[in-house]
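In what follows, a single structure is set out as structure tokens and then discussed.
For clarity, chains are labelled A, B, C and D in written order, and residue numbers in each chain start from 1.
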Amino acid sequence: MSRKYANATEALAGLLHDDMTLCVGGFGLCGIPERLINAVRDAGVRNLTVVSNNAGIDGEGLGQLLRTGQIRKMISSYVGENKEFARQYLAGELEVEFCPQGTLAERCRAGGAGIPAFFTRTGVGTQVAEGKETREFAGQEYIMERSIRGDLALIKGWKADDAGNMIFRKTARNFNQVMATAAPLCVAEVEGIVPVGSIEPDAVHLPGIYVKRLICGAPYEKKIEFRTVRTKEAA
Amino acid sequence: MPWTRNEIAARAAAELEDGFYVNLGIGIPTLVANNISDATNVTLQSENGMLGIGPFPLEGEEDADLINAGKQTISELPSSAYFGSAESFAMIRGGHIDLTILGALEVSERGDIANWMIPGKMIKGMGGAMDLVAGVKRVIVTMDHCNKGGEPKFVQQCSLPLTGKAVVDMLITDLGVFERQLSTGRFRLSEIAPNVTREEIAAQTSASYDE
Amino acid sequence: MPWTRNEIAARAAAELEDGFYVNLGIGIPTLVANNISDATNVTLQSENGMLGIGPFPLEGEEDADLINAGKQTISELPSSAYFGSAESFAMIRGGHIDLTILGALEVSERGDIANWMIPGKMIKGMGGAMDLVAGVKRVIVTMDHCNKGGEPKFVQQCSLPLTGKAVVDMLITDLGVFERQLSTGRFRLSEIAPNVTREEIAAQTSASYDE
Amino acid sequence: MSRKYANATEALAGLLHDDMTLCVGGFGLCGIPERLINAVRDAGVRNLTVVSNNAGIDGEGLGQLLRTGQIRKMISSYVGENKEFARQYLAGELEVEFCPQGTLAERCRAGGAGIPAFFTRTGVGTQVAEGKETREFAGQEYIMERSIRGDLALIKGWKADDAGNMIFRKTARNFNQVMATAAPLCVAEVEGIVPVGSIEPDAVHLPGIYVKRLICGAPYEKKIEFRTVRTKEAA
């Protein structure tokens, strides 16, 4: 029973439907599952709820699904890089739940870890607390936050073996690790599928139990949002 | 003469202690990194999952997989470590970061901060700012004393949606430094930029503070 | 003729499906590992932080850093992965493990299980058993039908402190197999060991169950 | 400002006091901070609360602190391998809070992650639920569990650099990773201290932010509780 699929469309076959909730990894354009997002676009499923820290940029990443109007609701912490997002939001075409980045990560972790709710200080006294239960612990006020669990997780890794064991590369790990746990099913794209045994068991970032289907999406032309450099003299 | 943006950053950098783990926000806080003395060993955290942020990469060495929370390309250090977002914010929320330096739209006299939203105008989202102000041991805000329209940003009560309530420990503006007292919860003007008078500061401040 | 311990384990092994992630308890459940068919690709989880438990090591190759939850030396496989205890139980609690097979002191007719404590006598602690019965998708108990004193262990109501309430999905004893029905929450006798009669089972059971 | 100390006694200097709470890593005798435990024994501090999955065995690991009567209370999930524990417990000399292993790990994680309480299904309907708030989420009953935060964490790693970045080896990782986060201060012993830069940033299991003091405790004679082997023929 191999996890390997030939391409994103095949890897998603039978898993997509209207009105579903997708948990999507990535931070900005860094470590986003672009092949899988494109396949969701091509599949044409609509009315999606998407849990993702960001919403891509115009025409890139989740920006593609915004452009096609497939997303009904976003749960995100920061969407500043996306003009189409702003337009749809202000026009009332898109529902948005802004969630602090750490609370978003923790709500997804909780969803993956069987914890329906937890308390956090993040957001106390702000709009984020509105409508939420608060409680004092040791004289401090906390908000109760609910877990997030999607129908399907889409993530991007660096290398994986056919047992699903995965490693990420540098800051491209970000939300991919936690999103993989936050749905009963996770489909992953990686830059290389390696033989079982070539990832050191102590080096695994995401154990194969979380990764049900796998594609190699290489070659990648990774986009950079803000290219900042120093000159040799300054170094 | 009010401090420049870089002078504000330099003043903030003076708050860093050897061995500190620090998270820097976007804008003036980013400039703090260039003002850390070589004698002070400070580790910078990036909330997208990194400890030990290095300088911007040399041209041609940019790596799309290596960015900071502002999505700028950065470099790594020999002492760097990567981790996922859940662990990164466990670190932040759990009080393991010694200091965060952030920008702000408004700071109130009770230490409230607003820096994520202008209703009907700026709808970018709060990113990690609410987690930082709630979780980091010490919160320093660096900002211009007044906005572009010349109105005070250090106010009695924030008019914009809050990022955090009673969380700012120190405020550094182009005019001076305000430290919030644990005992009273009120700010005290502790330092004044060169050739700025107490009266000038008072005139440009709607917050009440101790002298 | 009642099933032997190994036959109970073999019957439990028949419940494993290709691709399953499984956690095995101590005692009869440990014997299940030897009864998995080569055609079934099953990954064994150890709650102290490992996926992909290999066989016992060859003599001389024992590694003190490589043990299972029963603190026995084991070996790793090419597909193994290690992680910490918090992640291990996030995996268990989050419903990512397909099946756990555990021993028990008592199982009640409503699916309660007691397997961690005999007041005043056994005070070892529950280890990971409560987490496993609460978090794993399917819970199978393997045990002798009666205790050493000949008294039923499949009972109307557990007399010992519970490990979990209404969590057992299947009970395999030396006398037969009982499956708990989702619709009624009651067990149904679905299989009988060779040459054991329904009457014999009924006589050694104080639990009420469907035939 | 180096993290390196010459030995366990020096590494713990100024950190120990009566009535404190220690969070201690290890599972059975696997990955226990034995040098640090011995130094706690030698320091003679008393009335300790110790949070640790197990209590060592007689005369090994935490068994040493039981023998000297320095521990007032244990928070553990399983202590079946320690007769002295059983004796003290039955004699009323030792207070014990039994906590399910996963709940123990999660309570410590919560303590390290700024989460004062969370909900779990583990223990519903059992003694563990007694005196605890319960609540329904989506028709299921959950218990509210409180976080654990100690005064000092003692852990054992495999390798670390002087920036405190650490990697563990095989199943010796267990509770060490999470215990390191559950106190404001963590002292670690490792089998080797390596130069900064020799641990790959993507391979770090525990970032240096959690590790304030460090000793090399080598050489180790690691104990095995249950030696189980197969013969070559069976292989």
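As a convention for this text, a contact is a pair of C-beta atoms (placed from the backbone, for glycine too) under 8 Å apart; a residue touches a chain by one contact, two chains touch by 3 or more.
Not measured: the values here are computed from a predicted model.
Between A-B and B-D, more C-beta contact pairs are found at A-B.
We define each chain's centre as the mean of its Cα atoms; on that basis subunit A and subunit D are separated by 32 Å. If each chain is reduced to the centroid of its CA atoms, subunit A and subunit B end up 27 Å from each other.
Chain geometry summary: the mean Cα position of subunit B and that of subunit D are 35 Å apart.
Between the CA-based centres of subunit B and subunit C the separation comes to 54 Å, rounded to the whole angstrom.
Of all residues in subunit B, those that touch two or more other chains are 76, 82-83, 89-90, 92-93, 135. Contact with two or more other chains is made by residues 106, 109, 113-115, 120-121, 168-170, 173, 201-202, 205 of subunit D. Taken as a contact graph, the chains fit none of the simple arrangements: neither line, ring, star nor complete graph. According to the touch criterion at the top of this document, the contacting chain pairs are A-B, A-C, A-D, B-D, C-D. Residues of subunit C that touch subunit D in their complex: 46-50, 55-59, 61-68, 70-74, 76, 82-86, 88-90, 92-93, 112, 117, 123-131, 134-135, 161-166. Listing the residues of subunit D that touch subunit A in their complex gives 106, 110, 113-121, 137-138, 140, 142, 146, 167-170, 173, 201-203, 205. If you check the complex, the residues on subunit A that touch subunit B are 27-31, 53, 76-81, 86, 89-90, 96, 98, 100-103, 105-106, 108-109, 120-128, 158, 168-178, 205, 222-232, 235.
On subunit A, the positions that touch subunit C within their shared complex are 1, 109, 111-115, 161, 163, 165, 181, 184, 196-197, 201-202, 204, 207-210.
Those residues of subunit C lying in contact with subunit A across their complex are 18-19, 21, 41, 43, 45, 50-52, 76, 78-83, 89-97, 135.
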